[in-house]
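Per-chain residue numbering starts at 1, and chain names A, B, C and D are given in the order in which the chains are listed.
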Amino acid sequence: MEINGVEIKDNYAEGFGIKVTRILVTAATKRLAKIAATEATGYGTSVIGCPAEAGIDCYVPPTETPDGRPGYVIMLCQGSKKQLDHELLERIGMCILTAPTTAAFNVLDDADEELKTGFKLKFFGDGFEDELEIDGRKMHSIPIMSGDFLVESTFGFKAGVAGGNFFILAENQMAGVMAAEAAVDAISAVEGVITPFPGGMVASGSKVGCNNYKFLNASTNEKMCVTLKDKVDSDIREDANGVFEIVIDGIDEESVRAAMKAGIEAACNVPGVLEIDAGNFGGNLGAYKINLQDLF
Amino acid sequence: MEINGVEIKDNYAEGFGIKVTRILVTAATKRLAKIAATEATGYGTSVIGCPAEAGIDCYVPPTETPDGRPGYVIMLCQGSKKQLDHELLERIGMCILTAPTTAAFNVLDDADEELKTGFKLKFFGDGFEDELEIDGRKMHSIPIMSGDFLVESTFGFKAGVAGGNFFILAENQMAGVMAAEAAVDAISAVEGVITPFPGGMVASGSKVGCNNYKFLNASTNEKMCVTLKDKVDSDIREDANGVFEIVIDGIDEESVRAAMKAGIEAACNVPGVLEIDAGNFGGNLGAYKINLQDLF
Amino acid sequence: MEINGVEIKDNYAEGFGIKVTRILVTAATKRLAKIAATEATGYGTSVIGCPAEAGIDCYVPPTETPDGRPGYVIMLCQGSKKQLDHELLERIGMCILTAPTTAAFNVLDDADEELKTGFKLKFFGDGFEDELEIDGRKMHSIPIMSGDFLVESTFGFKAGVAGGNFFILAENQMAGVMAAEAAVDAISAVEGVITPFPGGMVASGSKVGCNNYKFLNASTNEKMCVTLKDKVDSDIREDANGVFEIVIDGIDEESVRAAMKAGIEAACNVPGVLEIDAGNFGGNLGAYKINLQDLF
Amino acid sequence: MEINGVEIKDNYAEGFGIKVTRILVTAATKRLAKIAATEATGYGTSVIGCPAEAGIDCYVPPTETPDGRPGYVIMLCQGSKKQLDHELLERIGMCILTAPTTAAFNVLDDADEELKTGFKLKFFGDGFEDELEIDGRKMHSIPIMSGDFLVESTFGFKAGVAGGNFFILAENQMAGVMAAEAAVDAISAVEGVITPFPGGMVASGSKVGCNNYKFLNASTNEKMCVTLKDKVDSDIREDANGVFEIVIDGIDEESVRAAMKAGIEAACNVPGVLEIDAGNFGGNLGAYKINLQDLF
């Protein structure tokens, strides 16, 4: 199968279950909302080594937010409920509450369960906190130095999908970077998903285990390394010298599929892209199998 | 004392010892270096609730970096050597190694001790890693999907200073935000320091302990909350309705002092600023006492 | 009338007729499209001294553009058809054709007339140009150094509205800037309008004529200058020390009204804003009178 | 000659004389200064079709500006003194005076002549203007809506150099874009120069005259068009499919040479770059001939 002359491999992405939250961060201006959203979602590429997977889902204009101010929806994801609870508390408490003019709202539909993040944060008010309702939501108002921080009492989480992915194989590294950026641009218009890696793209790939160093659970996937093409039994075609992966977390499989489709179509519009492939672990580890060709 | 009509209080900032590192992140372009630096320094406002204090120190043009590419110096700070070691490993491994086209160099002068971050990361190469020298530095080359990730073998850390600070009291919240931004702009031209909070400024202040909820170690400092001015014995002057704090971490006291000076002068240039104050805990907790008026 | 405690004056904005165009600039990535759109709309605040009024209307994700790439809609406005023709030719030819990976499409609905911008630009191809159809549009393909530049053959213009406006009076300059930024954020979500001044806001106001220097047709409106409040019969209330104007050009009166409404509501959400007023010339110069209170 | 495996052709860039100005635009924050600088330098790629060549030279931190606020140095260039005078008046008057919180200073050393831009702008004050000295400079203070606009009385210009240039030939378009971006990053650290095209790079090249349409003075340089490689006697090597030009204007030949050197070295660091060439017109048109290989 080809799109715009780019080969779409008959392969599938293997996704995993993860618990996802969606938090709307509003502020006086779009720029201030972005600052808080960026701080709160940093150090959040993969739960393999980061305390959470995190990213900005979408921008919401002031006419569509509960407090009439511009905002960004961020997603925080974790496999463990306990760790998710901790991450919400700390990322909202340390990175949003401390940011200028912000408020935080729960914008996850159809939650499986609720975390009492706002309820816990209110005690920081030391008795001066208050309770109010905005747009039918129970909010806590916590006096801080520069004003009152408003935070919704509970934040829902639900079973979502992590690890939706596709690989972009390009003529060289720079065409790969640009195609990955184009893919991320397209995915950012799909609601309910994030691309948690830096700039939305992944420059490195892992395999399970490590042949040379037994103490490691994961190591570089040498079959997908462009500089090892001539040294190993490579999975990279001869003419490809730049490979990047797009990893997607979403609120459900449908969102992840929509993001993969939009991202792949965008990447195939970039000159120098040769092939789209997907990453999986033989299908034994993850609950979701998304075939690339089935997306179109 | 007054600067530009703004009162500088006769008060001091109380700073603490912290272990600091300085890492140069280079990439193919300035923008790609910024993406990696931002991801690696997120979720890093304060060790009270974040796993590290982190931020971007300065930009370095390609003519002045070891590999001739543009880069950003980031600083990662922690009180505990063990946790600092963990943070360097994960933030470089998960947020820089995974980012497009990056490399990481140690740029801390006069280190007290070394962390073997690059040495540990190299095992990810599963035997395909290599060693080389760049600019007299021992580097590891780790094959990843899109090329080779270069990382210096060791990263030094030294005893630095956390919690350098000053408060900006302004006529209203927006004048406070703008003055804080101007201060951060000025501080970003001082080498060897970061302002780890979102956008470089802090909207909330804490006191030690909590009067109403004994289970909390820290709570809002009600005496510095603008919306509580009429309800408590406030430390905020009558005409101030916007208060922001700038918190500074630096490689040494001299750098922190230079940053405080530059930041205060810049804030005093912004219309609507009334007073500069500083935060301390009575001098019993921190090793550094920096009097505001002594800076000028 | 009050919104959120801010007084909305019973006054009207006086708008003028202007000829407007809407051009979609696409590129390989969102960032590259923004670069071209920004260059093409610079030096375009007001036809009083600039060759055109110009700005970015909105972002269009790749799934909604004719060529499946991300793009920005820009608007170029002029009173004279001949000058508009010149501006389109030069701004597209010098600022978009020369920019990396771009294409330009006509996205104005219900045009009154057409300009043959693409048809004229094609001759730059020196016989190597070609013609093709994209999405039912007649396009010219012009070979340039880095590839082929695609441009629609004709660009429509229609009778639009310039000079939609409102004033934000705030406690101080910084609250005024932030409120203006919040207003611009809100207006940017309204399609069919631009705010052509720097950052979308105007720091200076003019009156017709000049009392002291007869050779000038326009001069500072001293009654609206915050630093002249005590020297002239000022129109600024005693407690206001920061005044900014938002000027809006749109494809029709309805769009301008929607933008004014969204912008005013957003500004009234910013602490330190006291009053919203509007600018007019007694109603004798412009064809459009938009009363502020009628918007709500 | 080769740099990093990239061929540096034995060819020269042909530069032209142009009149250059350097204007420091300061504002309350770095971001506000950038907004004004960007608006004032838009629509300024080449005097072939734009009213001026314009761009941002460098950022200046608040500690190094005359008014202690952050600023950007912009350069406005024109061949004609009369048109340069007009451009300074309108770009400062319409794009900087109207922008929030700005001031404008003359920062050209060794001027050949002076333009009375500030002196002319002061009449906008309608008698309320004032005169003051900052840092030994004669400034005019013009009351505007949001405060007082400060502008230096005169702005110098001098004989500078336009059209410094080099071509980047890359494996494909995307490697070319990234290499051009890296070159622009490097050049932005060289003082006294601008890269006036969108994003600092040029996607199209011209030749003098037009073979097919005699009414045109300039047309596409078909010998440098990647899509015409097989149709004409091309100057592009077989393996190159992406070509971008960097055009540099500077205050003198030395600055332009330094910029060319820094830009070429940076481009040669980007994977996928094959060759660096330069553009000239046989040496008969321009006064400056800068050989590429002589730079190293």
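What to note about this one:
Following the convention adopted for this analysis, a contact is a pair of C-beta atoms (placed from the backbone, for glycine too) under 8 Å apart; a residue touches a chain by one contact, two chains touch by 3 or more.
Bear in mind the structure is a predicted one, so any value in this text is a computation, not a measurement.
More C-beta pairs in contact connect the chains of A-C than those of the other pair, out of A-C and A-D. Centre to centre, using the average C-alpha position, chain A and chain B are separated by 25 Å.
Between the CA-based centres of chain A and chain C the separation comes to 34 Å, rounded to the whole angstrom.
Centres computed as Cα averages put chain A at a distance of 39 Å from chain D.
Looking at chain A, residues 28, 31, 147, 173-174, 177-178, 242, 270-271 sit in touch with two or more other chains. If each chain is drawn as a node and touching chains are joined, the picture has every node linked to every other.
Within the complex formed with chain B, the residues of chain D that make contact are 28-31, 61-63, 67-70, 147, 178, 181-182, 185-186, 188-189, 262, 265-266, 269-271.
Put simply, chain B touches chain A in their complex at residues 28, 32, 35-36, 38-46, 48-51, 54, 89-91, 93-102, 123-128, 142-149, 173-174, 176-177, 180, 197-199, 201-205, 210-213, 215-216, 218-222, 224-228, 231-232, 242-245.
Against chain B, in their complex, chain C makes its touches with residues 31, 170-175, 177-179, 241-242, 270-272.
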